[in-house]
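Letters are used for the chains, namely A, B, C and D, taken in the order the chains are written, and counting of residues starts over at 1 for each.
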Amino acid sequence: MTNTESTPVLELSGVRKTFGSVTALADGSLTVHPGSIHALVGENGAGKSTLIKIVAGLHQRDAGTFRFRGQDVAFSSTAEAKNAGIAVIYQEPTLFPDLSVTENIFMGRQPRSRAGRIDKQAMIAEAERIFTRLGVDLDPRRPAQGLSIADQQIIEIAKAISLDAHLLIMDEPTAALSGVEVERLFAVARSLRDEGRGIVFISHRFDEIFDLCDTITVMRDGAYVGTTPTHQTTNDELVTMMVGREVTELYPKTPAEIGETVLEVEGLTAAGVFSDVSFTVRAGEIVGLAGLVGAGRSEIARAVFGVDPYDAGTVRMHGRSVGKHSPTAAINAGMALVPEDRRQQGLVVESSVARNIGAAIRSRLARLGLISAASENRAAGPWASRLQVKTSALSMNAATMSGGNQQKVAIAKWLATDPKLLIIDEPTRGIDVGTKSEVHRLLSQLAGEGMAILMISSELPEVLGMADRVLVISEGRISAELSREEATAEKVMHAATARHEAIREEAVA
Amino acid sequence: GDGGNGGDAGSDGEDLNITFLPKNLGNPYFDTSNAGGAEAIEEFGGSYSEVGPQEATPDGQVQYINTAAQQGEDALVISANDPSAICDALNEARDVGVAVVTFDSDTSPDCRDLFINQASAEGIASAQVELVAEQIGGEGQIAILSAAANATNQNHWIELMEAELEANYPDIELVDVVYGDDDDQRSFDQTAALLQTHSDLDAIVSPTTVGIAAAARYISDSNYAGEVAVTGLGTPNQMREYIEDGTVEAFALWNPEDLGYLAAWAAHALATGEIEGNEGDTFEAGRLGEYTVGEDGEVLLGDPFVFTAENIDDFDF
Amino acid sequence: MSTAQRLIRNVLASRETAIVLVILAVIAVATSMNQSFLFSGQGWRDLLLTPSILIVMAVGSAIVIITRNVDLSVGSTLAITAYLTGRLFIDIPGIPVVAVVLIGILVGAGLGLINGALVAFGKVPALVVTLGTMYIYRGAVLTWAGSDRINASDMPREFLRLGTYQVATIPLLTIVAVVVLLAAAYWLASTRSGREMYAIGSNPEAATLYGLPTTKRVITAFVVGGALAGLAGVMYAARYGTVSSGAGMGWELQAIGAAVIGGIAIFGGSGTVWGAAFGAILLMTINRTLPIIGIPDFWQRAVVGALIIGAIVLDRYLAARQSRKLQEARQR
Amino acid sequence: MTTTTPAPAAAESVQLGERRRRYANYHRPWWFRAFITTEFLIIALLALVWLWATVSVENFSGPLTVRYLLLDIAPLMMIALPMTLVIITGQIDLSVASIMGLSSVLVGIFHVEWGLSIPVAGALAILVGILCGGLNGFLVAYVKLPSLAVTIGTMALFRGIAVGLLGTTALTDFDPEWTSLATSSLGESRVPAVVVPVVVLIAVFAVLLHFTPFGRGLYDIGHNEEAARFSGVNVARSQMTTFILSGAVSALAGIFYTLRFGNSRGDNATGLELEVIAAVLLGGVLIFGGRGALHGVIAGVLLIGVISSALRLEGVTVNVINIIIGVLLIASVMAPQIVSGLQRWRPGKEKR
């Protein structure tokens, strides 16, 4: 129900942005009409976020035209864009942890009584109004500190709504949201659309796009590829537009013969996060950890790998128990963990590709306790090339790489340790389809060579496609163990949500 | 200069480089004494320079002693922050031919050539005791506000004062000795603390110019004005208003200007080889006339002088 | 829960209250040892007078620290304005006291502006910039004053009397400090710009994304901090009557210490100027108490250090408990 | 342990995509990496200043200069080494000068008052230094408190204990053999003997920082603590180590200081921490951690030393020297901005 005759709220064409040598955006074009939800899709590094940041006034474009509500504009600061009526939800939540939820929403725009004094009561009341509209119950006075990622997103959304802007931009807002929360967000988005606002929605999840959006614009390598109404296109068409080639079918798990037990976890418990978790992973086997966001899967993985402590239970590799709360011990025992958050946990993005890939094997690279750049480069080169990392030299630092490439470096770093067990958390979160299938192919190859793999994923198809066995986690406990044969979407979702739903019912009531 | 002796000293004093190194800069007492030094050097036509640390610490002084040695100064006139800590440095300087004269505060005799003593310790001690005794009518509690707790001269005086009190003033009780480190704010707060702790204190004796000024100022606008007497060693300019407003009856001091003046002439005598610095040597000190080197290479300036409302206006330093 | 209840609970739980209690305890001890500590005109006056200068400095430092910055140069700034005060009286005979105070504040603000500009535009960490300007400002005043020193006799009586003047037994300097405190507290708690200070300190990157005028606010913080240091300089001259170029050495750390003890988080975003002020009072009162309870006041610095450590350890403990509460709150 | 890396062997098996890629090791030519660096800037500056001093400062080329110069910067140089490590991990240690003062006081008390020999007294003082560093390290690494706040506190605490123990008195009668050893020269030369331990320390720290997994770990911690933890770097222990090193070396410097000036006072070396930090940052170490190299730091220390020495000879007073150091300090942190302006864009991560 796009009303094409009205003047577009946002018009970008031929927009260009370079950062030093990197061309983030070659030819960005996007036209958004009021009363429309417009999807912006593309591989990692396609330039979506950059485009958004230009609209938001965070970056200034080097070339191209930028019209907002028919006017030519050039925002020199986010403040200008905001005042013009553009609200943006960025890829990563950006809150003030020390301040109350309410202040986070109204910072800089607090309702004022006479003498410029902030009217705290009015402010809190307004916040409560927005929360009821979003159907969440959050104490508007509590500090933002310690909110779950999901709740943090909710605040971001509340922020954007309270602006009541003409254009609302959401850059992968759902990446960390659970099903229920996504539904709520969509409801709000739709009602905003019906109020005649323009909405731009960036996501890598096609199901969401087809569910929510009426128009889709595709980008590739920083350039505009095309725009189509949602109902006139298909999943595969989109993928081809994005990648520029047919993508080899996803989830190509090739059956490998299962060997002896590698990892044994028994009665693992960490108060308040997970309890009594027991499972095994065998050589050549991919075990999937499914569950809702916040179920505690990452925590389990972190505890097994020794990054977090645990209160009770044992972790054994090849029958020998592994010292708790010591990644070093885990690494020496042959474990590797590719964590869920690349930029914060997976890599030291400010340092070079070579150093990153060498990071986990330094003690092995060292001779007589001494290590040299040469030895690091020697070790890193082959791995970078095996994973087809896109970089000009090993001395480039990872900061400017796109999500997909960073993930490749992170995986290379851990494969370099020659692990017997690979724990990989959200292997393809925020990664484009092209890279995605590469990663999947890699995983099954590794399994084929007899590596034991524990894969955490929030994407059901991925789990079902890749895993030989599926463990479903719900609120920190294993609620089901399903073989590849028995594992179906219904069974997994049921095991993952059963108790959640019960709780949510009474929460809403 | 006066007299043939001074005259020909002048002629061969032409090219003398003499450095004055006070305990610390920003201390009016040394400004005055060094001014005297400058005056003397003017007279015999050498070149005068003053350097010094910000805080009165020995390690601060060492760097300047070293520099003087590097520059090959002819003489170094210094008031020591520590009797032994700066000895090595001084001796290194003497090895490269720098004549070392200490004044106001001495080092151990074996690391300087001459010490210009402002007044015999006995003289200073008894002068202050007399002053305080007559101001509090021979009986009561007194406290001492000194400079740094290891300032050689101060401690020596305090010992002698204690002895003097023991001997001749049984009714005067010395209740406390505190240290203001020749730092104005610290001395000020120390005074406050003193009066706080000893509620029936009758007098504060401060054998340091910074201390006495701070004490006088605190008392002058506190409720203790008129009740607690302040005396000790001070400079007229700092003390003038407290003499005038009656906070302070009288205080003592030698003339620091003469002290520096004499030190400079002594340095001149050594640098020109006029004297060796041995006991009995005599040298001409410009307007102050002739002086004789005593035992341990000490030269005594004279007796301390008592400033009162009557005479204070005759002085400006 | 009603606002009243919440208010009461906050007051009881707050760091500020805790410190006030400690201060009262200290005073009680000191007084029990020596009546005149509290119950003599002099004791009462010193009790109020001694902390007043540090309060002004601490409030300034607090404002800067809240924006996730720090100003090490305030001690040197104090020295400059204190000496300037004296010079003005000497060089411009009969200059009105008000003019001198204003000039002092302005000069302080100017010096703060230099810091702020370097930090905000040069994108250089405040710790380094103000470490540099601390050297520079101190060096400047040392060069300017040389070994010269301002004596009480150089300054007009009426100005010096301000240092000890009392209104209903309350020293004027204390009143000045309290006014500064109230103004700062209102600004930070109840105005947009004030709250933005906290936001910027709490998460600078977010502040930029959010479109807050980060640069402007940071500069403001430094200017205000500098102005207060300047005012403190004038107060110093009035209180101590003598100004040497070494005035206020090490005060920057006292001020920061006071702020930290008062619950200002060293990396910004939380704490109140009330806390900072109470921290200052606590430090100074302990100073004066030590000799009375028979501890040589050389140990004062050790006590200050212990207090700072204690304060931040306490904060960490409370913070940990807090976030555990929030976690649990979310889990149900 | 193993002499060859397992990487290539294992990598053979895994092969994404068909084409192999070879990567250049560096994206910058060698001269760029060598000369367009903050370190090189500071070294060049040092050379210039030295040149200027020898040419135009009277007596600078004199025999005593080098001797006094080295004696003066010895403590600065010693402490700058561990301070570099601390700052590279993104922390800071403001308490070093206070530890110096404390160890100075303790050596005095142990030797002068208790009559222990200097080696024993020194060993005890260093032990205390290690404890002080340990306290800092514990609070920062294990209690996870911000080092700025912690060391502002311990700065006051340690200095307070030092001053508390001795008041303003000073202990001065040290065993002359040792005091003269502290200022003695190597053989006939004018070079003070203290350069030997200093050079040894420099060598040790250079290897530790630039050629060991531990050193690599320090950079990672400075960049991103969490990521370092995930790749098996023992963050807490590394930080603890850097602070203990800093405490121990500071105590050592304190002993040297005490013996050189033959006096042990509570306020010895007051304010030196700032000079040390100035020197380290001047040497191109990034205050936020993750960046910096030891040769730059050494140049930074020497620069401060040469400037002070030359200007003192010129009769310039210490306060002007301080102004110059301040200006240099600010300029030096501006420099990386300019340098990295020349170099590739890099995201401005600024938190500690």
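Keep this in mind: a residue touches a chain if its C-beta (ideal position, glycine included) is under 8 Å from a C-beta of that chain, and two chains touch if they have at least 3 such contacts.
Being a predicted model, the structure only gives us computed values, none of them experimental.
S.K.: Please identify which chain has its centre, taken as the mean of its CA atoms, farthest from the centre of subunit C.
M.R.: A
S.K.: Quick one: report the Å distance separating subunit A from subunit D, using the average Cα coordinate of each chain.
M.R.: Each chain reduced to its C-alpha mean, subunit A and subunit D end up 41 Å apart.
S.K.: Calculate how many whole Å lie between the centre of subunit C and the centre of subunit D, each centre taken as the average of the chain's C-alpha atoms.
M.R.: Chain centres of subunit C and subunit D, defined by C-alpha means, are spaced 31 Å apart.
S.K.: Please compute the C-alpha centroid of subunit A, do the same for subunit C, then give the distance between them in whole Å.
M.R.: Using C-alpha averages as centres, the distance is 44 Å.
S.K.: Between subunit A and subunit B, what's the gap in Å when you average each chain's C-alpha atoms?
M.R.: Those two chain centres are 76 Å apart.
S.K.: For subunit D, write out the residues touching at least two other chains, lowest number first.
M.R.: As it turns out, subunit D has residues touching two or more other chains at 167-168, 317-319.
S.K.: Residues of subunit C that touch two or more other chains: which are they?
M.R.: Residues 142, 245.
S.K.: Would you please write down the residue numbers of subunit B that are in contact with two or more other chains?
M.R.: 25, 54-55
S.K.: Where do chains touch, given as pairs?
M.R.: All touching pairs, sorted by chain label, are A-C, A-D, B-C, B-D, C-D.
S.K.: Residue numbers of subunit D touching subunit C in their complex, please.
M.R.: Checking each residue of subunit D against subunit C gives 92, 139, 143-146, 148-150, 152-161, 163-164, 167-168, 266, 274, 277-278, 281, 287-288, 317-323, 325-327, 329-330, 333-334, 337, 348, 350-352.
S.K.: Spell out the residues on subunit A that touch subunit C in their complex, using ranges where they run on.
M.R.: 56-58, 77-82, 90, 94-99, 103, 107-108, 110, 112, 116-118, 141-143, 145-148, 151, 272
S.K.: Would you tell me which residues of subunit A are touching subunit D in their complex?
M.R.: Subunit A reaches subunit D through residues 19-22, 307, 326-328, 330-331, 337, 339, 344-351, 353-355, 359-367, 369-372, 375, 377-388, 391-397, 399-400, 413, 415-416, 418, 438, 441-442, 445-446, 449.
S.K.: Help me check something: in the complex, which residues belonging to subunit C touch subunit D?
M.R.: My answer: residues 70, 118, 122-125, 127-129, 131-136, 138-140, 142-143, 204, 245, 253, 256-257, 260, 266-267, 296, 298-309, 312-313, 316.
S.K.: Once bound in the complex, which stretches of subunit D touch subunit A?
M.R.: Contacts found on subunit D: 1-3, 5-8, 10-11, 13-17, 20-28, 207, 211-213, 216-217, 219-220, 223-224, 226-234, 290, 344-347, 349.
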